[in-house]
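Shown next, in structure tokens, is the structure this report addresses.
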Amino acid sequence: MSEILQAIFTIVVTIFITNMGIALYGVFSRPSLIKKTISLVLFTDSINIIAISIGFRVLEEGYPKPPILPKIPETPAELEYFVQVSVDPLLQALVLTAIVIGFAINMFIIGLVKIYYRHYGTTDIRVSLEEGKHEKNN
Amino acid sequence: MIIIGLLPIYLLISATLIVLLKLILKKEVIVDLIAIILGFISLVATFYTMFLTMKHGIIIYRFGGFPPPLGIVYVVDKVSAVLSMLVSFSLIIAIVYSIWILLPKWRYLFYSLAFLLIAGVIGCLYTGDIFNFFVSLELLAISSYALTAFYRGSSKAIRAAVIYAITGSIATSLYLLASFLIYASYGTLNMADVALKARDPGYIVAFSGKVYGDVALPTIIAMILILWTMLFKSGIIPNHFWLLDVYSESPTPAVALFTSTADMIGVYGISRFFLTVFGEGILIEYFRSLLFNVALLIASVSALASALLVVTQTNIRRLIAYSTISQLSLAFMGALTGVPEGISGAMLHLITNGLGDMLMLYSAGIAIISCGKDLSCLSTLRSNIIAYTAFVIGSLNLFGIFPLLPGFWSKALLTLGFLKAGLFWGIIVVLVSSGLCAAGYFKAIGAIFKLKRNPFITISTTIPAIVLATLMFFALTLGILMTLNGYFREFVIQWGYDMIDYKRYIVITLNLTI
Amino acid sequence: MSFLKSIVATTVEIVTVIYLITAIIYLFRIVRGPTIFDRILAVDALNYNLTVFMALLALYLEIPMIALGMIVVSLWLYALDIYVSKYIEFKEIGE
Amino acid sequence: MNMVNLIIILGLVMITIGAFFEAIGALGVLRLKGFFNRIHAVTTSAIGGAALPLLGVALVSAFAPWMIPQGYYLAGICLTATILILLLAPAGAHALARSAYLCKNIRKKFIYDDLVEHLKERRR
Amino acid sequence: MFLPAIILLIFAFLSIVVTYLAIVERDMLVAAIFMAFQGVCYAIIYYVLMAPDVTLAYIPISSGLTPILILIVLKKTERVER
Amino acid sequence: MKKKDIVIAVSLAIMVIAISSALYAGGIIIITPPYKVRDLAKNFLRYSYNPWNGKLTSYALNVVSAIIWDYRGLDTVLETAVLYSAVIGITVLFRGIVEIRGLKHRGLSLLVKMPSRIVIPLIIAVGISLAVHGHLTPGGGFQAGAVATVTPALIITIFSIEALYVLKLRIQKLFLMRTIAFIGILMISISLFLYSLMSLTNAYVLQNMIREHSNISMPHWFIDVPLAGSVFLYNILEFFTVFAGLTYVFIVYSMRRKEVENMWEEVETYE
């Protein structure tokens, strides 16, 4: 059974990486700042989900367990069984940190966009860039 | 050793304490005083750290008492200790200067952001962990976005902050991806551990075991991503689009903080990653040398192009921005030679660039306040002897022709490094770019002494005078020390040896016995 | 006992496949949906599916621990609905 | 023992009926024309296709012998989620339908509109 | 264990379609809705990949907090991208 | 413009292929999802709750929580600082904004308001419970805070922002609460060190349990519930920091036009 999981996993991870590429394309090519922010959210999410899939594993039999002890272990053997069946906890912790940081940055960028709109009357980045070129020529 | 562990926590506490005191006491004077005292304590702490590194070589601190691959460690060698001294020094200078230039009501926000920025920078300098480097990088990035947008009423400042924030978060996200790739293939996040396994994949380290899968291709991708992030952070020319607006629209102390702390992290990071971690003797040596050549090419083109652009500028801030790009590119080239002299030249050049830029920015700040950002406005400085002396000394320092200033020594060391590495065109790049930059600086100095309508400075300039005098004193002291004291020169050259001595780094960090 | 267990497993598998097919149908609706409201309907329906998937998987894999996310999902199933309806009806979100 | 088996079978039946409802609802979302017809289908699939199977899962996990130590945990979560869905799905659907009704483009296609008079009165 | 694998495959497929649409769409309100849809897909993928902690952090952020942030800023600025 | 788009698309495609081949050739996931986890992760799983190895354990059943707050505690402290930095940045952008009470408000219809009145206390309760046993079950400080922050978002949309003012959630107070809770986290991280200064023993920054060369520890049992020492305290305080910080941001963002105009009244002089 695990061969099927492996074959499907190949496709799935490739899809995540493609997602990342599409989102990065959105950040670079779309003019609207809000669209850029949305693309940025999708981009960081895709990176995080790639990390989680790096930390995944398969077992010979059955399905892996989450990295949480179901109850207080009474013998070392019980603990060792848990170690043998659980997925990677470190990447989950790192991704948790990355999610929080990504949200903080998106929050701040959205505030910037609100102020930007007050100055330029639009959320289009091209307007302000055109204005900048005009200034330089003078 | 506890001092390194306490330093980031201390900086964060002071960042919050300032806000708390302002909200409770509502008196600006006390907050200013306390901010200066807190900054001074951090300066003392970093000074003590440097003293410790001179005594012990490399010092490490284990957070939470966990052994390295399991927990996070801070590894401080001479380079990071010296750079952290520069960082806390520029913090205290920026605080003092901002008392003069910023509105009293909102000054505490600036202090808090500055402390957070410095906490991020010191985290980047000290850390021995790849993911912790990312978190510190984000901390310094988000506080610099906020500092850029400090003048929220100016539309150009907001535009600069928006562009900086969006592109900067892409860069840091790519670094995040690189760190995940490194963890995926090496099975560890500790820099020393990665450095060991990049040389000897079969080595079994306590707690993290052997490498996981084939390391070659993931390492290549991770190196490219890290290189791009660091090039972005330092604003080397294809990635300089954010830097100009940021430098010309932010408050003066914020720009000084960027130039002396945040932007040098790119050069420091590249030397830490490509000289210590993925340094000499890694398995994909051929790719490393290829990447180095490409990066050298980019950096030299950037140095020349930005030096050319320095000449054409009419805005004083933009002039300084292009000059910073040029100097940082030179430092990049020096770090990428891989020769100890070149590396210590690059690190000394970071300090030089920080001091020179601070001198120029702070003295130009007086002119900007009383007249404007145009070059002709510099003529207001003529009424104030300290201000124009500082400007002249700063530009001479960056020009690097005057042996009593550190700029001369850093450029000399860079040249020596290029000679040793056999990169003769590097010397030409250094000479040409310094000459071109000098043309720009002399244009600015000429603008000071050009007889023109002379609007007098109306406000008191005691505080900037004190700041500039301190900066001049430090720059001259450093230069005189370099000139007269052979031991000090030895100490500077030692930085480069420290940086490429990966064996000692690995052995001390992982506590191995070889 | 194992017979009963296998019946439960088979039922859950079949039911999950049906739910997956419906998820693809909702994708069709969110792509085609002429108005915004149709698209939100698809997101809503997918949210309901999400809770069911969580419950069924926790039953199927016998790990009840991870199903805690279900309660969190169901607490603001209607969040997007009310956000968008506020957006459409009112001049400001804070009104 | 027999009783337990019966209850588990009952739970499975509920799950299956829920899947049936969900299929019907999805078919409605696919084929029905107009927003108000589709929202009817979706609410059907919300109550029948989400609340009912959750109750079924709660029954199975509470009584299945192989889930004994932590089965109650899952059952409690499922019950709470069911209650919340029953509480919130109508509220969300109501808010959505109301704002959709206030959109003129959607109202244009109605054959007969009872609430027009009411709207006019409110405007005054 | 083919059930989790199939779920992974289908939701990854849904997420790539929705990501593409969210980038291409000009009406930003619709793009925000696509983003919420993608959030649901990723939440279930996190769940299937046995990361309950990440799921618990991701669901509030993706379906509760980010949409309202985007909608607030859309309401205060403009809705359609030119 | 079009040519630039094509260039971007092609370079991104190259990047996608490169990264996927990096994962592919490395044999990390794509061909074979691993049958065993990395050794470092294995050690985390082994030591997270391990009474047989007292020097490396943190007595937390949730391994992710243990890594976040104990093994890699510095990351999380800095991450909280990032969130704080974002909050300060938003304060910089919207400085001088003042709430005005008593503006016109009506909110959504009664049929939405009624269930929300029932659900909103439930959300807060779920959040607090996630924080309180974040070291035993899935959950933790940040998750709890994010869950609880959905309530202000819901209140703003359903009832209007005025309802938050009635609940006495003023921005000044929330900002203060955010700062104090963050100071609390920082003080807990150095509390054992301060204690060791008084009792003349050795202790580390961010220390939790007994470690090598250090004999003092946080309390790890409460009657018969594993408390995991500082992990529990960190979770509670992190809940407050996240809740207060994000609520502050939501209130500032969704203020009405009249309130926003306040902040532009004061003329600031720039360089």
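Note that the chains take the letters A, B, C, D, E and F in the order they are written out, and that residue 1 is the start of every chain.
Going forward, a contact is a pair of C-beta atoms (placed from the backbone, for glycine too) under 8 Å apart; a residue touches a chain by one contact, two chains touch by 3 or more.
Just so it is clear, the structure is predicted and the values come from calculations on it, not from any experiment.
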item	value
Other chains in touch with both chain C and chain E	A, F
Interface with more contacting C-beta pairs, comparing A-E to A-C	A-E
Most remote chain, CA-based centroid, reference being chain F	D
Mean-CA-position distance for chain F and chain B (Å)	29
Interchain centroid distance [CA atoms averaged], chain D/chain F, Å	33
CA centroid of chain D to CA centroid of chain E, Å	22
Geometric centre distance via CA averages, chain D-chain B, whole Å	58
Where chain E touches two or more other chains, by residue	4, 6, 50, 52-53, 55-57, 60-61, 64-65, 68-69, 72-74, 76
Multi-partner residues of chain C (at least 2 other chains)	12, 40, 42, 61, 65-66, 68-69, 71-73, 75-76, 78-79, 82-86, 89, 92-93
Chain A residues counted as touching two or more neighbouring chains	2, 5, 9, 18, 24-25, 37, 53-56, 58, 63, 65-68, 70-71, 87, 90-94, 96-97, 100-101, 104-105, 107-108, 110, 112-115
Residues of chain A defined as touching chain B within the complex	24, 27, 33, 36-37, 40, 43-44, 47, 50-51, 54, 90-91, 94, 97-98, 101-102, 104-105, 108-109, 112-113, 115-116, 119-120, 125, 128, 132
Chain D - residues contacting chain C, complex	5, 8, 12, 15-16, 18-19, 22-23, 25-27, 29-30, 35, 38-39, 42, 45-46, 49-50, 53-54, 57, 60-61, 64-67, 70-71, 73-74, 77-78, 80-81, 84-85, 88-89, 91-93, 95-96, 98-100, 102-103, 105-106
Contact set on chain F toward chain C in their complex	104-108, 112, 119, 122-123, 126, 130, 137-139, 147, 150, 153-154, 156-158, 160-161, 254-257
Residue ranges of chain F touching chain B (in the complex, touch as defined)	18-19, 21-23, 25-29, 34, 38-40, 43-44, 47, 56, 70-75, 77-79, 81-82, 84-86, 88-89, 91-93, 95, 172, 175-176, 179-180, 182-183, 186-187, 189-190, 193, 204-208, 211-214, 264, 268-271
Residue ranges of chain B in contact with chain A within the complex	131, 135, 138, 142, 145-146, 149, 152, 155-156, 158-159, 161-163, 165-166, 169-170, 173, 176-177, 180, 183-184, 189, 245
